[in-house]
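In what comes next, chain A is part of two complexes: it sits with chain B in the first one and with chain C in the second one.
== the complex of A and B ==
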């Protein structure tokens, strides 16, 4: 019972916490080859559509996906819009998870179901929103929180760390 | 021959330096027969393939696959992802891939990120279309563990002992050099998509014929399908200990 209350507290604790998101544009100047500088790594937001909690027992629950960004610091790249790429990418995405991630980070609300090719080609705003979200947005710092166990995976300098402390392995 | 990505920025005291095994992967993955296989497996208008490399180290193989996507998969719209237990390898991979992509903008796929993790434990099931693994394959007495301090953060100077542990992790494979590789083989059914294909590097000490037979006999291929495991690239002395090979694994 105590455990249940604890779990409930951990989940509701972050659910009610609105992530403080800072949106930085173009903060990553390219460095010349030969220098391993800090902050060259970036985590494309799209990565979240493929990641889940690393704790074995969480995987069977649908709440372990997607992970919830917390205290996220984002950075944006300038990438040329490529409608063909989006058309091939959409069928393989978990749209519901993408919609959740997008809303949690304060992006414009996505429609309930993925757009068709025709809709993408005729709706310029939707195309640009999706392009910006999927192709241009990177997570640089913050945490990724599991909706089941509440474990927080740190993202530092664009690299998420999914190694578990030994008691959770 | 497609150019090899530059890794001159990689700190080789902390991260495995590209060697014969890495180059065998480059040559095998970009061979004409691989191109034919990829083109029929992932036709241009099918959903964007996700390419995962486990243990990318310097990132030379993942950068090669990303930057030359159009030559290797006959389509530039692929997503690539690296997962390495070593945070220095993650930083190196991100840099190597980003430099190579900038050098080849017209043929390059999209790099997602370099994730620090334990093999495929952080992945959602059945998403990977192409899995590449150059494992720690050298038979050793023990399987090394990542020093506790390097699991969490990398502040402070890395000690000499930690450096040698990181490099040991990149090659030491435990019994038959297969302890880590076996974990990946056992997870293939859960990790690969229906159309998924894996490229696995083995050395002679891994008993490759036994490994391939074990894969073919796995029972989780799905209704009416079987696991296939075929050698698609080799290098090194014919009768020697060092002989390396790449095995392609898929369901048919």
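== the complex of A and C ==
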């Protein structure tokens, strides 16, 4: 009972900050993915960890990364676990950005520091959790907002539109 | 055969009808598949990697990347960029594995520094040479593309771009833009001097931290391949006097800043104060 109340509190507290975010998936994340409506295109949360603002003037600012999801609709997908790939990607992940993104999307707090490669290789549950967060959680609809210039990149059917008008290039 | 690049822009040329025609043609599918395999051979990836597919279109090449069996170092995860919404729509219907982006590669590559293990591009970058409008020129677009690509690749990463050059001028324009962006560049031609010639631009982004001595050089890419003749046209030795920049001079500082910018570091803008001495104070 207490746990339920806590979750409710967390989501409502979060909704207070960014009111327009909708949730398709209200199960506790980092647990085995529940099946939701399946669409074809998708944008993995992994991709969001690498994406920056494309506007020229934002290139020199560190706040242009990560992009902040707005009105986000999420979906989950079944992808085969590929431990080698995750081990390969782990050093390249920006853990701070991943923490920000997952907090903005209403997932529970990630630990402060990233797991080490040894931890990942030995801990099967950790591997599965990270896999479901990075590879199986997809952004379907919504907007990605730059923290510097405020440019909104629309995401439709899982495809973000990064075409810029020529004066911003 | 006529060249679609000469008449229209890529996003206009590949409308719904063209995109469907392109994707369902078994001849194009076969050619694309064999070129993708060749490009993968050149990339020489040993572990599952994150790959950028430039001009992914309907995902013909991406499909092959996702289908590499584990014993050959796959399956890879890829992120595709294309300017044609119709092509991406076909990719949607074909249910491809990778992430798709609607983006113009002539506007740069919107990923942070060191994102990708490798990049692949099949029959795309020749489109960059034809976008002529009052605001941009092919040179500018090429510079933005290769600059962005260089940044988004990890150090020691490789990119293979298959393209159809119209003539030697265009070939020259593309390679020099790549070299200017900082890449080590090489051109591989399959079936040279025939009608079926296929041109691959092979690029290396800096040297990997764990590189063995040979693979740092661009010729290391084709080291173990059979039937490849290496023709090295690079200038030998750079001690021609003119290129000497004095360490600590303004020119030297600007050069260093450009280098750092290419690596994706945050660099302060260059102004008239750059490299000036402070006035003497007691």
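We adopt the following convention: the second predicted complex is superposed on the first by the 121 of 169 C-alpha atoms of A that agree within 3 Å, B and C clash if a C-alpha of one lies under 4 Å from a C-alpha of the other, contacts with A are read in each partner's own complex, and residues count from 1 in each chain.
Heads up, the rule we're going with is that a residue touches a chain if its C-beta (ideal position, glycine included) is under 8 Å from a C-beta of that chain, and two chains touch if they have at least 3 such contacts.
None of these values were measured; they are calculated from a predicted model.
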Side-by-side fit of chain B and chain C on chain A, or clash: clash
Touched partner set for A:88, first chain B, second chain C, both or neither: both
A:60 touches, of chain B and chain C: first, second, both or neither? second
Intersection of the chain A residues that touch chain B with those that touch chain C: 40-44, 46-47, 50-54, 56, 65, 82, 84-85, 88-89, 92, 94, 135, 157-164, 166, 169
Chain A residues touching chain C - in the complex, by the definition given at the top: 40-44, 46-47, 50-54, 56, 60-62, 65, 82, 84-85, 88-89, 92, 94, 135, 157-164, 166, 169
Chain B - residues contacting chain A, complex: 6, 8-11, 45-48, 50, 77, 79, 81, 83, 85, 87, 90-92, 94-95, 98-99, 102, 110-118, 121-125, 127, 146, 148, 151-153
Parts of chain C lying in touch with chain A, wherever the complex brings them together: 47-50, 75, 77, 79, 81, 83, 88, 91-93, 95, 99-104, 107-108, 110-112, 114-115, 117, 135-136, 144, 154, 266-269
Of chain A, residues touching chain B in the complex: 30, 33-36, 40-44, 46-47, 49-54, 56, 59, 65, 82, 84-85, 88-89, 91-92, 94, 135, 153, 156-166, 169
